[in-house]
């Protein structure tokens, strides 16, 4: 099985971390192609960055599908461009936020998402409502920038840990979801320290896309994910041909 | 008052229709700058087209703000790029879907959105849930392409009318919201024919942005709409400087 | 444009404050008729006062419509009698709570309503659920009586400010909605002090009714707001003729 | 036990029907005082009629409490004036819509409310949302005027029955709630004919108020139902003294 | 009237307490048969205990119905086995959690459930969502074991009281629901101390089943509560004949 | 990896079908132990059957865990006993309904569950609300008994197909979830015929439990799934020792 894992920001260091996590989690026979677009923001922190990450992301999804990838993971916790990618591709596509909250709901009642910056709380709350877990999941922010997660200082890790403890002790969270792809390397040590399940979206996404591909399930083309219609796309925004 | 109305697709004919509607609705002292980006899809029909419309849209929002526009309307019923535009701009920004459903809820209990293609129902249902009107608003599609609305055939208008009647007679809709910017010229004749309020998002958006500007209300920068942080944007995706 | 603004309590001082706010906010050509009924409670603090304010309010709505007003604002934050007024009148009618929360949702994600007495929290929470914003809006009370707002002491203003700060810092509110018509004069100074948008319902209501009248939108008569049926009304309760 | 049952409209014939139903349902030792205000509309069909029924209703609640009634039922299916009555009285007060839906949810999963006129659907849907049963209860109208229920023609009864059958066969309703106090005499024959539980609000309200009085439970005065504050009430609207 | 009250755990002391409460609350002519199964857990603290309590509970429901009981109360606050009991029996069956929250919603806006152990919070939150009161009811735990309620120490009672105070002062609760059948004897003294209504599910259940029986209302057999179909039940799990 | 798949009814033929499906879907290195309890109902059709299936199911979960199974799937679409099994076991446990709806939500917007008998609609609707997909998923019944699925007649398959078509054409379903473990063998042929994804819960459950086990995620013991407390269990109901 050949899977595409796209980090939609342009930080190669984060892509390497994501690739390592994905490879550690995938099945023996699975090949992971982890990459990031050549264009777009260095990190995704809020709605604006998301918007500029999507065209490059979609180009990578299209290219990956064209060269034979059987499924794709979008490795940004905002599930950036997920709906557009599902409409574009014939292969199944999952986001890491949706993947993490689905798995979290299988091992816990209440749980919490602990993310980076406060500005990311509103978009993630919008996602928890869409995914139907808002009444069991609170979103907290640790005030750590995304790129600071590459080599987190003890102080940054401490702020993250503090929010986890507040979630468990104050909100009744029974599990922690890591709210940024850049936190993937911290999952194991946090789980050991906290004593509750800690769910990382990158590995959750890999397992769920393996599940879909393994079962032959592809995105339905019967509704909102119908193939894009053929039409003119002016300017430099569309470097590949939609299969209308 | 100087207002920006951006048609996020690249169809100049639709921009002209939108401009005419906006000017017919604005207050005496209001100046409308209606335009569309130079890059992006010819029409927005589903998630994929949305993704490619956003960068050009944001460029126009930034440029409009820079040259003195005091508020902006995004004239696509998917409220394409709305969150990103709010994060980018200091001036207030409204979408035409949100504007229409807010006004509809002031003149009716239940109401319906009648849109173009079936593929647009899921994204619009996502919006009605976000805007808190899902339990009073059903979305219906008339199976008419967006660009076919420029010069609608009697048959296309008939299909639109049929869905309006089904909404009123079958769903208990007390008002109709037109689910595409391209329908703006049809509002008056449909209202006369149907006997219930017919709300067009373009003029609704103009009145609501006039309200916000008139009251000096601007997007809060305290949460998810905080200014984008300064960071590298690789490639051609970012033709203007975010005010980090 | 000629608009009616009814303060449904019988405090003439509050009516004067409301009138001033309404006139400061309306468009150049708009004429504001601000008044209060001759009968009813001196202030509206809870469900009981609301009940006795409604008949006098409806009489004023009917009289205003009869003498040519084109739209009406009910200037009590409980949106007292709003449904009945919509059923009675052919002209559009808005409440100041619904107006404020609609505008707030255009400039902020989460926001808070700060009202007067704790007893008003439950009715306002019922309204936020009806208006579809309960998951993004918390209601707080400052423990200040309605009539104490006419000449608020520094101590009363301080209590109001404290609740605003708690909402912003503790609840993640990105904007403040003033939860009483009597707070209208405080909006500008609070906004300056708090650094987030502060939305007053009186001016919000004026702008929204201007929008509806400007667009020719009237309350739908197809459902719950159908004209009252002709029938006997015994006693002194009905000083005007319903148009059955 | 001495209970007050107020029909908030001024139709004496309907009050007699309600009284008979209440007496048939109450416990052996219970005394029913069934009455209607001297002022107000002849029937309650929509928001406007509700508004004019409330002051007279509240006067009767206050008088009933003063002369020793221990609990009160508001016998209009719109639960007219219920919140205000709870704030006014020390004795517990229930509405017949809330009573019926609470009992219905004890004997059925999905159920339906079948009411009189289409204009009553929106206010009843608002109630089903408030009472937390909207996802299991649909509201249907039989197009029969309230006062026509005093001596229903076979044709009117047929229309009612047709909506019951549609609810059971089409909506999966497992029980029927009669959506008007004037339908109380029809409950037994409809239940026999339909083969599912048929719940009448009048008798449901009597049993629930008996339950509350029997257990010594009174309306909490800690929140929104706090006693009205003492203040001037101008005009003829307030014929009794609130206990501030 | 002859009513069955089943304590689904096997603690005879708790059954005696429940019986006393039920008898103190029922009408003059009502005969209470209070009992517990011979098999099952000594107390029900969480999902696992529930599962083992159900078969014995159902056997008692079937036996009670067979010997002439006209209605049944399941006296465990988890509403253990309620759906299965409703499917099994022709007579109406109520749980004490649903009974308590229905009555609480008649005398208060917001209210709180105060239960025993933290592990019971998730199942009770699931119930408050099912019963439609989740947005007005918070669940709190006092960290007191169920069987410790038989002779509560002052320290245990103090912890219970502390949670009640936090609910009233911090959450805006206007009434307290006791979240365990074993708390029934504490209701009166807590109500006196707290100054708000305190609702015990055991007596609430008795009054609601009296109401249903009094009105001749039985569980609908039209949907999910249809009679069990005749089929083989292997092993020792089914000591009575389902009426297929 | 060694996985337990428990069919909670006592039909060995259905267990064989489930085993075959599970083995066809699992990864190369996975060993499937598929079995059913020796005690309990021959099929699970409604709440009553569920209750009697749970004790035997739990015994199998405990035995499977004791002999080294690393994860468990409960292969009944009612997710029978799922919460109790999660509390009992240290290994992760998933139900096939939750598994199917999680995967369905990754490949479709709206979708439908098509189940066997109408009596199963209410319990499944309760599950879709718990799992947060009620607003995008409708439940339909084909009127086919569970055991009739072992060798479905063309007429039975036709009824199933008809409900699938109604869901797709009438409800806007973009995918079909098979609402009974006994339908697993029909998935492939239905998907081919319908042209949309068809999701079977048995294979979905296998892939999700593989994902959890692969990632080392186990049920959180911090909340409602805490280990059962040690206590007496009277009678024959508890054939194994809970690990208190």
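As written, the chain order gives the labels A, B, C, D, E and F, with residue 1 at the start of each chain.
Everything below uses one rule, namely that contacts are C-beta pairs under 8 Å (C-beta built on N, C-alpha and C of every residue); 3 or more make two chains touch, one makes a residue touch a chain.
None of these values were measured; they are calculated from a predicted model.
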Intersection of the contact lists for subunit C and subunit E: A, D
Fraction-based call for subunit F against subunit E, same above half, different below: same
Separation of mean Cα positions, subunit D and subunit B [Å, integer]: 43
For subunit B paired with subunit C, centre-to-centre distance based on mean C-alpha positions, whole Å: 27
Chain centre separation in whole Å, for subunit F relative to subunit C (CA means): 52
Overlap residues in subunit E, where contacts from two or more other chains coincide: 109-110, 118, 121-122, 129, 134-135, 172, 223-225
Arrangement of touching chains [line / ring / star / complete / other]: other
Chains touching one another, given as label pairs in label order: A-B, A-C, A-E, A-F, B-C, B-D, B-F, C-D, C-E, D-E, D-F, E-F
Contact footprint of subunit D on subunit F as seen in their complex: 118, 121-122, 125, 129, 134
Subunit A - residues contacting subunit B, complex: 10, 37-43, 45-52, 54-56, 58, 81, 83-84, 86-88, 118-123, 126, 129-130, 145, 223-226, 228-229, 231-238, 242
For the subunit D and subunit F complex, residues of the former touching the latter: 109-110, 135, 172
Residues of subunit F touching subunit A in the complex: 25, 27-29, 92, 94, 98, 102-103, 105-110, 131-135, 168, 172-175, 195-197, 199, 203-204, 207-208, 210-212, 214-215, 217-220, 222-225
